[in-house]
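To start, the structure under review is shown below, and the notes come after it.
Note that the chains are named A, B, C, D and E in the order they appear, and that numbering of residues resets to 1 at the start of each chain.
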């Protein structure tokens, strides 16, 4: 049966990863109709939502873990996957369990998580530091210290794309690394505005100010263009999720040799576990509904998990798969995951509305050097205070 | 209402929003009559014609054609044909197609269409043009085709809305003759709107003179010309206009006279002399051709000075100063006067008109 | 070239691309003269006027104004004022601003501007309108303002391009008189383009009749009317047109006569009788008012039948059938005939014209 | 009058029936889509609808938040700057080009095609191309620097203060051609005699344009204004393609705010409040104009 | 002609052109080809033309370069080595997600969307304009005013209500739905154009046809339509451009197998595979814009005429 699957995985590494999913699904005798929409989730999501609410749903669609699809589920537009999940023992195999929790509403499971992505990585270009004549930093502070040397060599120390989510993502990373896990949770989980306005978070804003200064001159929009600056040695480093790894792979770079990755910015090795999940809008056609079940099962199939995540540069959602083919960075991530040094990602904790407001704030903060960290923090605290 | 009338209009009123254009208008047009609606621009002539044609809905009142109440009929069902000022030919169709359009729409069988087109184009002598498009025709030819379009529809009543005003003077006078001839041969009822008094005078059996949506006088051309019912009609008809003198009636000898600026004019010859009473404020109207210059008629004579001379070929128009009035006089084109020369005038009072100064009606 | 002429045109030619509109035209206009350029549409009248104004460049030839060669001067430096058919008023300016705009641009001091505007508006009696905008004026008032705009510029030569054709008949005749009066008081040179022969005849000191860019005749109105130089002029002037009869000259007794369709007309009274030779193919032209109906003049009489009658108020126009010709005759409006009635015609040959059939020139 | 003669007045609704039937699509569009959709939007702007519309009224909360949001304020400012400048410049440039084209020039067709072709391209394409030309690394700035003027700086898209002018450059490139066409059509409609009268009066060309011709072209300017203004209010694609609202939020526009908050932030209430504000602004400008132009008993034609 | 003038200018200078027996200025005033006026007029036009042409030039030049050459920098430099590879890639092999057939698929989808949308939207708008101009009824002006105000509503605002409406009538996601959406959003401006145009046609023509017995549709089809070529050209140009270039509706109201070319373009341009392949992007851009461009080049002359006839009369 033909099943249309929409997603926004169109960059080089992503597309290769999707191909694995399609291959696995096609092998079940069904057919994966690819509905890629380029330009990140912000372009694609409105279209997906319109299609679902408009009564012309696709067979399956990608969303991020978190609250993006919450209301669609509540409105009864999504298929209940509990049976498939029970059959596949998802409860037992998926780790961390929070992933499945965010798929669960009123005790029913509505989505199939496919990977774990973590934001907390600093990617560094070894070539750039070599050119600037300084050692490759081991943590954030060293990186900040090395920035002037990089600048002198005509290298942008920190590549940050122009889109708001990249800046706010980087900020969240700094928050865990510098502010610590507890403060992070107080802010995003408990929506504690007092903490958000407090001195601990002020330190984070100080660091963000550094990051802002270092990012001056990275005139790119897309995250992978920013990554490309690192790959080509035009930039020293980039704070970006582990999906950036796919780009390094496509560029045939080798971790440790050509580039260095510092999880938790080398300061605080905790990673957040967000990721992608597939939702299955209710279909009238029984055939299609059956194919949806097949696809859901396929996505969590161990072989698929390995093949997909290797290409994507993300971590599999099940612990029981053999991932020996993974590279250095992935292995680092797996270790941290195994240690349980994890936090729930902010978009699982905060609503898209709050997330968007924070994005707007940091888009402005990173572009507007006249905005003081204090002012930014005040606004940040306001958003947290009003968050739902 | 006259049941024999071809077209009969009963208490017709028409408003555009708050503006009342036609007011309680009544009009009976006889079978085979050529009626001209004459009036200055904006007086509602076209509006009335459009009402008759069914192109405008009356606000009140009724319209009968051949005794049938057509007030709510569609234009095509009224048995009328209409000819427009701008010709209104369908530019993309040949003359033949233009003529037959209405018949084709009405699904008249083709042989019948051919017959009627042939007849109309013969009457109007436009056979050689049948295959041309309107853009390839001269103004006069276009107007002829426009008439033909009404002709083929074999209607009882022809409506013309200033059909000649877009033509130049020469063509206008030619087509005028043709329309007259057409009426003489077809004997249809024709209603003809114009603001050109020459057209009205030459074509009409009867003329209806309109002003602000009201018919001022409905009469045959001669009556209209010689016995205008009121000042408006008198001033409207005739070119150059009738000369008007403001004054008073006085007793003079055993008769009655008109006096203005101290000059007396005997009214003994006036046709309505019996109705005149001394003391009344009146306006005396004399047409330019009813004043004689230096002709020594033996009657009353008045002194005047030539102010401007306008030779117009066959005629010569003199503008004279006479006792504080300016007066125009039409004389033979061969007679010429120098500006400033003194002349003697005699007035033909038998053809003059006297109007009450207040009601403006002819006495 | 006449050095005393106010405007003098020498060998003027003008082509639009391959189309030659004016051909080697020569024209001297006297100081203070009122010259009318008369011709049918498209004959090049406006083109010639625009050349004089400097709005079009001549292809060849020269133009002198007041003895000065202005061929290459800008319009504003030629000492001319121009009045357009469409008025061409600046729509968003008040009448006052319209009048003074040119002066203000030329930086004439304000008191002088006020004086000139006051004078012009007094002459044209538009003082009450000074604060209005053109849209709030009637057609006649607009045309007056347009004239005023030329007036304030204190120019030697006034150019008018069909200034009255957009007005209705009544206004046209009023403004005609005003323009005539204006000329009489200002005594400027005026060049006036029109295709209306009444305007030409009444206004002109001299008329230049044009056809296809060539001046056919340049003469005073009476000469043009009574002694047209060729068939074109004869047919162009006069409404209704001169009656033309194709025929031949024959000997008749000791004199000479014109014969057509077997009917003879004695030419004894013709003014150019000495120039006529028997045997020549000619066209006889007689104006409608030079034919008498049933008047028993004692001279030669011809039988005819009334075909159509067109009463026009002061006059009555008869269309007659006479020996295979159709002929129009103008008689007094009071005399009426029935269609079909037989009448006797007598021709006033002293005022007729005989044209050579080939060269079309008057003999 | 007999009773029979009075009869026959048809039922009012059926007069002009065909016209009414033919206008059904228009009536539906106007009433259901535009009016209905607008009312629907306004109503839901008073709710706290998130991803899906829900009638959960919260008063004017969304509006308070809207006007407290710096991004909205920046969007409004940007729209004002962009709108005013793009109106002025497109009218001025469009008119000047049209005036030049009206000088009986040679190659008129060629020039006209050159000025008009950008209009055939979408805003997406326009945004991309200009993003590229204005890119400091290989666009105009780089080219000028490579020619030796190394201190030359022309970097609108990456400079917050002037980014909106960068957007404006692209918008003018795309839109002035149409304005030029409209103006040209208007100029061609001006009575020749006016020009002649002005020449005889000795009015210099520029003054004739300024004081006579432009005031006469009022209807053309109005039509043009409607077309430009409706485009300005809706500006979205261009900004997305050229800057995505950046750097930071310095080139954000209201339409983008609406879109982002409706679909990305999944806060329909907020998006609807923003669109309501846009509609109110438009209505304040448009309704008096529409009344003057089409209402008020104006005559036909 | 021009030679002639130049000759005179050279000969003459201050002494006017001589012709025997003629003294003083004669004939046309000499106007040198290089006059101040001409410099200003053509100079300005030329500068403007350069501004308008540069982006096209950059697009074309870039699309003919290989990536190494593009990295060298100067976007204005002509290609040293012309390659059509980017074009081939843009058309046939560029990838979005799993589909690697470039724009080619989108092209036909665009055609399938554009043709019926243009036809339907123009058909509806022309009938509207005709009804508004010639067959007014009570309230027609009001509907028209609402329609015109609708022209100012950002599309984004209307997406949600329209999604709901289309869902309710059950045509969401079908071509019919998209055609309707395009007709709706094209309606305000097109109706304005057609209304103004029909108002400018002589009313007497309409009356004559009514007297001849033609009804609403007959007059429209047989009398009005044949006279409306210029305005139809304008409407067609506007609609082809607008619909062909549309992204938002194309992506929201269709499904992947019927995505129009612009969506494909967006996918190609935004699917960054490491470095942006500017040459492919530019080729794709030109390819996408080609259809409206051709329409403009072919009917540009009629466009101005039509605008003169329809748009500028209030």
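The working rule: contacts are C-beta pairs under 8 Å (C-beta built on N, C-alpha and C of every residue); 3 or more make two chains touch, one makes a residue touch a chain.
These figures come from a predicted structure and were not determined experimentally.
Counting only chains that touch, the fewest steps needed to get from subunit A to subunit C is 2. Contact count check for C-E and D-E (C-beta pairs in contact): higher for D-E. Between subunit B and subunit E, the centres computed from C-alpha atoms are 53 Å apart.
Separating the CA-averaged centres of subunit A and subunit E is a span of 41 Å. Remark: subunit B and subunit C have CA centroids separated by 27 Å (rounded to whole angstrom). Under the contact definition stated at the top, not a single residue of subunit B touches 2 or more other chains. In subunit E, the positions touching at least two other chains are 159, 266, 269. Within subunit A, contacts with two or more other chains are made by residues 46, 53. Considering their complex, residues 202, 204-205, 207-214, 218, 222-223, 226-227 of subunit E touch subunit B. Subunit B contributes residues 50, 53-55, 74-76, 80-82, 84-86, 88-92, 101-102, 105-106, 146, 149, 153, 161 to its touches with subunit E in the complex. Listing the residues of subunit C that touch subunit B in their complex gives 40-41, 168-170, 173, 176-177, 180-181, 184, 195-198, 201-203, 221-222, 225, 237-241, 287-289, 308, 310-314, 317, 319, 330, 333, 339.
Residue ranges on subunit D touching subunit A, taken from their complex, read 50-52, 65, 69-71, 135-137, 158, 160, 243-250, 259-267, 270.
Across the interface of their complex, subunit E is touched by residues 15-16, 18-20, 22-23, 25-27, 29-38, 40-41, 53, 93, 96-97, 100-101, 103, 105, 109, 111-126, 128-130, 132-133, 138-139, 142-143, 146, 173, 177, 181-182, 184-186, 188-189, 219-220, 222-223, 226-227, 229-230, 233-234, 236-237, 254-255, 258-259, 262, 268, 272, 275, 278-279, 282-283, 286-287, 290-291, 293-295, 300-301 of subunit D.
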